[in-house]
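Next come two complexes built around chain A: one with chain B, the other with chain C.
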Partner chain A sequence: MSNLRVELKEKIIEQLNLEDLSVEDIQNDDLLFGDEIGLDSIDALELIVLLEKDYGIKLTDPAEGKEVFKSIETLAQFIESKQ
Partner chain B sequence: MRKEFYITASVKIKNNEIFKNDRSIFKVNRGLSIQDFLKEAYQFLDLSYAKFHKMDVLCKLGIIATTVLKEDYSSDTALVFQNKSSSEVSDFQHQEKLNDFPSPANFVYTLPNIVMGEISIKHQLQSENAFFIAEEFQPQIIVSHTESLLKNNKASTTICGWLEANLNDYYVFLNYIEPQGEVVFSAPTLLENYIHE
Partner chain C sequence: MFVNGISTLNAQDISSSEESFFGEVQTYSSPILKTYFSDFRKYIKPAAMRRMSSSVKMGVVAASKVLASINITQPDAIIVGTGMGCKTDSDVFLENLLASNEGLLSPTKFIQSTHNTVAGQIALQLKCKAYNMTFVQGAASFETALLDAFLQSISSKNRHLLVGGVDEISKYSNELHQLDGQLKTEQEICNFNLLDYASTGSISGEGASFFVVSGEKSEPSYASVKDIETYNQLDKEGLKNKALNFLKKNELSTDDIDVFICGNNGDVNYDDFYHSLQSDIFSQIPQLYYKHLVGEFYTSSGFAFWLACKILRLQEIPEICQLNNFKPNSSIKTILLYNQYKGRDHSFILLQAC
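Take a look at the complex of A and B:
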C-alpha cells in the first residue's frame, strides 16, 4: 500500500474522529460517503480543509469535489496529480 | 384545580461519575480528563453510535445523560434545558483556530441548542425544545416552560434540567417529567435535587 494512501487514512481517522475505524478497516476503493465509511457533509468540509492545510491544494469546484472525495484512491490520485 | 406533573427519573453527571435516580451507576478516577471520562462512559453504556466521537463535550454529555435517563422515548418528548456557559468549550476551540484553519466540524457545535438536535436524532424525537442561558440554575423557568408544553399538549413528556460544560468543569442534572408519578414536579423540588450531593 502506498504511503500516501495510508497517510490519508490515518489523517481522516484522526481529523474526522472516526474512532471505531482503523487503517486496516478502510479499503482504497471504499466509498467514503455512503454505507461503507459513512462520512457526512461536515466531513466533506473537513476534507477540503485537510487538502488545503496539509497538501496546499485548494478545491474550488464543488463538482470536482464529488469525484475527488469518492474514495481514498481517487483522493490520492488527485493529490498526486497536483504534486 | 392545578394540574400536576411528576418527576419519574433523573440523571446527574458530575466529577466523572454518573448517577441515575441518585444511585451511582458509573464512576472513573476524578483525575481523568472529561474526554476520557466520556469515552469510558460511551463504552460502559455500549452505545455503538459512531457519530458520538465527532461531537463536542456538551453534546456528548447530553447523549450520555439522556441514554441513562430512559431507554426509550416517545417521539413527542420535549427538551427544556438550561446552562450558564452556552457552548463555551466549542466557542473557544473555534476562536483558537480562527487565525489558522478553522474546523467546520468544530464550528457546527458553536451553539448550545445543537445538543438538542443531536439528542433528537439519537432518540428519534420530533418535538418542541428550548435552551435557556442563565447565570445560575433557575428551576422556575424550567418548570413554567415544561408545564406550558405539557398542559397545551405540545408534548406528552419532557426531559428538562441543567446541562453545563465549561472550560473548567461540567455538571448535568436532567429529569424526566410525566403526567403520572409520585414525586411532584416543582421548582423547590428541582432546586433541592440539583444541589443534593
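Take a look at the complex of A and C:
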C-alpha cells in the first residue's frame, strides 16, 4: 500500500472522527460517500479543507469533487496528478 | 409548574433506580470531575456521535432518558440553559482561526461551537420542530431556562416542556481558571473535603440535567415548582432580605422550609454568601450541599434541582449531602434552593411536594 494512501486514510479517520474505523478497515476502492464508509456533505467540506491545508490543492469546481472524493484511490491519484 | 420527569448526568454514578439517589459514590483526587456516564452509544448512533462534543452527548442522552422515562416522544418545547456551550469545540475553532490566519477552518468545529448546538441536536435527534431556545446567563443559565418554562406553563398548561442545563469541561477553561484562582491548586485534593480547604476557587465539573415540566400534574409528579428568582448582583447584606421577601411573596416563612440546599463550593472568597443564610435564618433546618459530588460549573444547580425533586419523591435526605445534623421534623414538603457563583448570578428556586 502506498504511503500516500495510508496517510490519507489516517488523516480522514482523525479529521472526521471515524473512531470505529482503522486504516485496515478502509480499502482503496471503497466508496467514501454512501454505504461503505458513509461520509456526508459536512465531511465533503472537511475533505476540501484537508486537501488545501495539507496538500496545497484548492478544489474550485464542485463537479470535480464528486469524482475526486469517490474513494481513497481517486483522491490519491488526484493529489499525485497535482504534485 | 409540575416536574413530571427528571434525569441527570455528572461525575457521580446516578442510580437508575427510582428508589435511590446514587450507585457507588465516586471519589476524585483531582480538581477536575468529568462525567461518570460513558454509555453514549446506547442512545446516539455512531455516525451522529462522531461530531458531538461532550456537552452535546450529555445533553442528548439526559434529554432522551427523561423523555423515555415518561413515554414522551415529542416535547412541546426544548429549553436549554448553558453557561459556556460547547466550549471545547469553540476553543478548537478559535485555535484553528489563529493558526490558519483566518483561512482554512473546519466546518464541523464551527457548526458545533455555538451555544445552541445542544438544543439543536436534541431537536434533530427527536425530529422536533417545536419552540427551541437556549439561555446563556452565566451561573443563572439553568434557572433562566426554568423561568422560561415556568412562564410557558402558566400561559399554556397542557404542554410537556423539556428543560435542562448543560456544561462541559474544557482544557483551556481549566487552565485559565487555575491562573485566575477559580480552580483550587492544592497538590492533594479530595472532593469530599471540598469545604475544608481554606483556599480560593473550587473544583470543576460538568454535566447535564434535564426535566419534563408541565402546567398539568401527572401521576406521579416529582414536585411542584412554586417560584424562581434570579439576581445578577447582590451584596451579602441584601441577600437575607431578598430570601425573606422571596418566601413572603409565596406566602411562606422560614419555618415552612424543610430543607435548604445551597451551592457551597469551598471558595473562601464567596462561600460567605451561603454562610450568611445558613448561620442565620435557615440555621435550624437541614442544610444540604452538592458541589463536592459534581464539581462547580455554570449549570451545576440543575443537579441541585434534580436532588430536590428526588428528595421530595423519596422523602429522605442523602447523608452525603448533609451539611449540618438537623433532620426534617416530619414529611419533607418544601425545599428552597439557593445558588451563586463568585458573588454573581444569585438564584432562588422554591419546590414543594405534590
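As a convention for this text, the second predicted complex is superposed on the first by the 83 of 83 C-alpha atoms of A that agree within 3 Å, B and C clash if a C-alpha of one lies under 4 Å from a C-alpha of the other, contacts with A are read in each partner's own complex, and residues count from 1 in each chain.
One rule holds for everything that comes next: a contact is a pair of C-beta atoms (placed from the backbone, for glycine too) under 8 Å apart; a residue touches a chain by one contact, two chains touch by 3 or more.
None of these values were measured; they are calculated from a predicted model.
Colleague: Thinking of the overlay built on chain A, is A:Lys53 touched by chain B (first), by chain C (second), by both, or by neither?
Modeller: both
Colleague: Once chain A of both complexes is superposed, is A:Asn17 in touch with chain B (first), chain C (second), both, or neither?
Modeller: It touches chain B and chain C both.
Colleague: Just which bits of chain A does chain B share with chain C as contact spots?
Modeller: Looking at chain A, the two contact sets intersect at 16-20, 38, 42, 45-46, 49, 52-53.
Colleague: Which residues of chain C touch chain A in their complex?
Modeller: 46-47, 50-51, 100, 104-108, 111
Colleague: Using the touch definition from the top, list the residues of chain A that touch chain C in their complex.
Modeller: 15-20, 38, 42, 45-46, 49, 52-53
Colleague: Using the touch definition up top, name the residues of chain A that touch chain B in the complex.
Modeller: For chain A paired with chain B, touching residues are 16-20, 38, 42-43, 45-46, 49, 52-53.
Colleague: Please give the residue numbers of chain B that touch chain A in the complex, ascending.
Modeller: 39, 50, 53-54, 101-105, 108
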